[in-house]
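Please find the structures below.
Shared chain: chain A. Partners: chain B in the first complex, chain C in the second.
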Partner chain A sequence: MMGKLLAAEFMKIKRKGIWFLTVLGPVGVVAMQMVNYGVRKDYLFGQNDDRWGYYLDNIHSFTPLAIVLGIVILTSFMSSIENETNAWKQLIALPVSKMSVYLSKFTVLMVLLLVSSVLLMLFTIAFGLFLDLGGEIPYSGLLKYSFYPFFAALPVLALQLWAATVSVNQGVPITMGILGVILTYAGFTLPDWLIWKWPLLLNEWNEPLINVLLGIGAGVLLYTAGMIDFARRDVK
Partner chain B sequence: MEYIVRTENLSKHFGQEKAVSGLEMKIPKGEIYGFLGPNGAGKTTTIRMLLGLMKPDSGRIEIFQKDLKKERLNILGRVGSLVESPSYYPHLTAKENLEAMRKILGVPKQRIAEVLEIVRLTDAGDKKVKGFSLGMKQRLGIAASLLNNPELLILDEPTNGLDPSGIIEIRNLIKSLPSECGMTVLISSHLLSEIDQMATTVGIVTKGKMIFQDSIEAMRMYAQQSVLIKVSESDKAWRSLLGRGMKAGLDSGIISLPQQSDEQVAEAVRGLVADGFSVYRVEEEKRSLEDIFLQMTREEQAG
Partner chain C sequence: MLSILKSEWFKLRKSKIFGILLVGPLIGLGAGIGANTAETAGVMNEWYMLLIYMNLPYSILFLPLVTGVLASLVCRYEHQAGGWKQLLALPVTRGKVFAAKYALILLLVLLIQLFYLAAIFGAGLYKGVPDPFPAAIIWKSILGGWVATFPLVALQLWMSVWFKSFAAPFAVNVVFTLPSILAMNSEKVGPYYPWAQPFAMMYPAAGTGDIFFIPWGQLLTVIGGFFLLFYLGGYFCFQRKAV
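Moving on, here comes the complex of A and B:
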């Protein structure tokens, strides 16, 4: 059943600009560094002998914002597909379980964000090579900065998907999303337990992997809670 | 009798308001069941419960003699539905809309062309639904409901937004479904004339309660007939009829004989003629189903 549902979901996101946004996110993040390095390349090169590491840090300064903002926009787009003409009633009246419908939406979003993450990695390498940073490409750091934020942001994804699907008024998830983006922006000063801080990969133990594990754990919990609530509700 | 749909003591409330209470619906196989009631009577809520979109507060639903709670997916695979305003994905074409549903239902691809043909949307198949008129969207919804060749078709106000020729087309389509495809059809409407022209069985619901459920013929029996006689000097004529011990009424110059057999009418006319009155017209007055429907729903409200 999941295979059929996913095929249908990927069909429904056609022409919605969803794939465009998926590409735009990583392009935007790398483009910020194109401007940064374009304007003051020599100064930046002088800042740190580990030029690749410093470059990755710079890239990462925009990744969390892009991913949280991306999640807000994508979840809202995804649910608008069904909300626009209340197609939920048509979809749920098909021989599918509500839980699998919810799972298919979540899976599509995860795939989109993973595609973004892969693209981010590729663009990062490409611009890094173009800058001629010298030395070995630090692949482990590259993977870490490309994919860790995705896993750390899973709780935000689960929360936003739930809010976007169950709210009749889309102002609610959008407001939540904007607050989330602000929290991520101000993440440096916030306590570690706030899920919006996690994509920054900062914590008091200085171990980014903790954010990844927390992200997966809390993500699964929030996803399950959201799915159960969705299945429990009557379809309007 | 084999019932395709059977509900037992079905109830649902929203907060304080009881939308459906103790509803017992029985739809025999191969019938076109007209589900009739004023706006807000609980028709759509009932249909939503039949499709598993809403959970009943109490009661049981059996479709194809299986418990909906336990075998929802199995049942829904054999049901087609159109609930309230049509749902569609405006950024996709009509074909893509059907394809998104076809993928989930797992029916052969050629079915899309077939259902588009049935609702006469073949020419618009590659256009985005965004630009469709309401009538076209409604047809697309009907096409979608036919995709899986359902054994039970549930249509909530299917002729909403259609023009007269569209209404006739859809009506003929619905009428042909039981004999041609062996379907059982449930159509809801607040318009009695609509139901009158299609349904073979009628269920009337008001304030969430089923107040009548039987064949359409049985409902027509409710239409009390009376015979109206127009005569000269109606006042005197009326009195002479009463004098002969007949039940008669007089209303603005017209005598009415309620529920009379043919002989009694003949006797009345013979008597009038013998008494020297001119009989201008003898006609039968049939109360329309509309009147019965209004009376039934009104009685329920009063009581």
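Moving on, here comes the complex of A and C:
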């Protein structure tokens, strides 16, 4: 059942600009550094002898914002497929459980974000090589900066998917998302327990892996809570 | 025209609009209360420091992004179940409907700015800022930020009339707003980038003789020019739209 639901979901997101946005996110994050390095390459090279590390830090200055905003946009898109035409009833009337419908939406979103993360890694390497940063390519750092934010952002994904599916008025989840991205933007001054801070990979122990584990744990919890609420709700 | 505006308001009144209007000022209030402004005590008026701290999250991200939400909200009923047909079947011209929706969004942004003014005042009172309240500077900042959203609101209304979903106009908005974090640091690009203008027009710069914190030339060409471009784009898009 899950396979067919997933196939249906992937069918529904075709030609809606969703794949385009999935590619645009990582392109945008790297393009921002293309502009940054294009304008003041010599200055940035002089900032730090570890040019690869400094370059990755620069890339990472936009990744969390892009990932949180990307989540807001994609979750709203995913639920607007049914919301716009009041198709929730039709979807739920099929011989599928509500939980598996919710799971299929979440899975599609995770796949989209993972594709984004892979692309981010590839574009980061490509532009890094183009810049001729010298020395070894720091593969472990590259993997860390490309995939850790995705795992750390899972709670935000679970929360936004729930908000977008249960809200008739999409202005509500999007405004929530704006609040969230501002918390990410100002995250370095905020306490560690805020889920929007986690994609920044900052914490008081200076260990990004904690954010990944917290992200997966809290993500599963929030996802389960959202799914149970969705399953108990009336379909309007 | 007034009656169109009135009916637009009735449609909006019960759509959770007040919560959405209050989010930004509350973010500002939080940033203001959390800010450490005491370090500048005695050097410069602490209210300036407070304003700068509060403006950072508010004028760079919140204000440009919320224009998109408001524009989509104003078009929400029309996109549902043939609302455009019903609205345009009335004895109104499309141009007037577009203008009324635009004016309504501007009024909502002005309301947000006024709430934000209250948030600045509230944060200052809470912290017990001893300096005199620089009313002229703060009003300049509030009204300047409002004027800076004119072109952004026009583009977002264009996108909201065009796309049915909330997410698509919001995506356009995000794509243009995020680079302003880089653009505002650049002396070359910053003054010409429309999405960086709310920050520029709200940033208190003492000693400028102009009415706002950016030169008149920049105001007229960048804000005025992009306003005309986006408004006319949206206007003609709406004129030709099949309902």
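One rule holds in what follows: the second predicted complex is superposed on the first by the 236 of 236 C-alpha atoms of A that agree within 3 Å, B and C clash if a C-alpha of one lies under 4 Å from a C-alpha of the other, contacts with A are read in each partner's own complex, and residues count from 1 in each chain.
Basically, a contact is a pair of C-beta atoms (placed from the backbone, for glycine too) under 8 Å apart; a residue touches a chain by one contact, two chains touch by 3 or more.
From a predicted model like this one, the values you see are computed outputs, not experimental measurements.
Look at A:L114: by the touch rule set out above, it reaches neither chain B nor chain C. Legend: residue contacts after superposition of the two complexes on their common chain; A:M99 is shown touching neither chain B nor chain C. After overlaying the two complexes on the shared chain, residue contacts for A:V220 are found with neither chain B nor chain C. When both complexes are overlaid on chain A, the residue A:F62 reaches chain C alone and has no touch with chain B.
When the shared chain is aligned, chain B and chain C each come close enough to touch A:E84.
Contacts of A:L21 after superposition: chain C is touched, whereas chain B is not reached. Residues 84 of chain A lie at the contact with chain B in one complex and at the contact with chain C in the other. Of all residues in chain A, those touching chain C in their complex are 17, 21, 24, 28, 32, 35-36, 39, 62, 65-66, 69, 72-74, 76-77, 80, 84, 169-172, 174-175, 178-179, 181-182, 185-186, 189. Here chain B touches chain A in the complex through residues 48, 51-55, 72-74, 76-77, 79, 81, 83-92, 96, 99-101, 103-106, 141, 144, going by the rule given at the top. On the chain A side of its complex with chain B, the touching residues are 4-5, 7-8, 11-12, 14-16, 81, 84-97, 234-235. Interface residues of chain C, counted against chain A in their complex, comprise 15-16, 19-20, 23, 27, 31, 34, 56-57, 60-62, 65-66, 68-69, 72-73, 76, 79-80, 164-168, 170-171, 174-175, 178-179, 181-182, 186.
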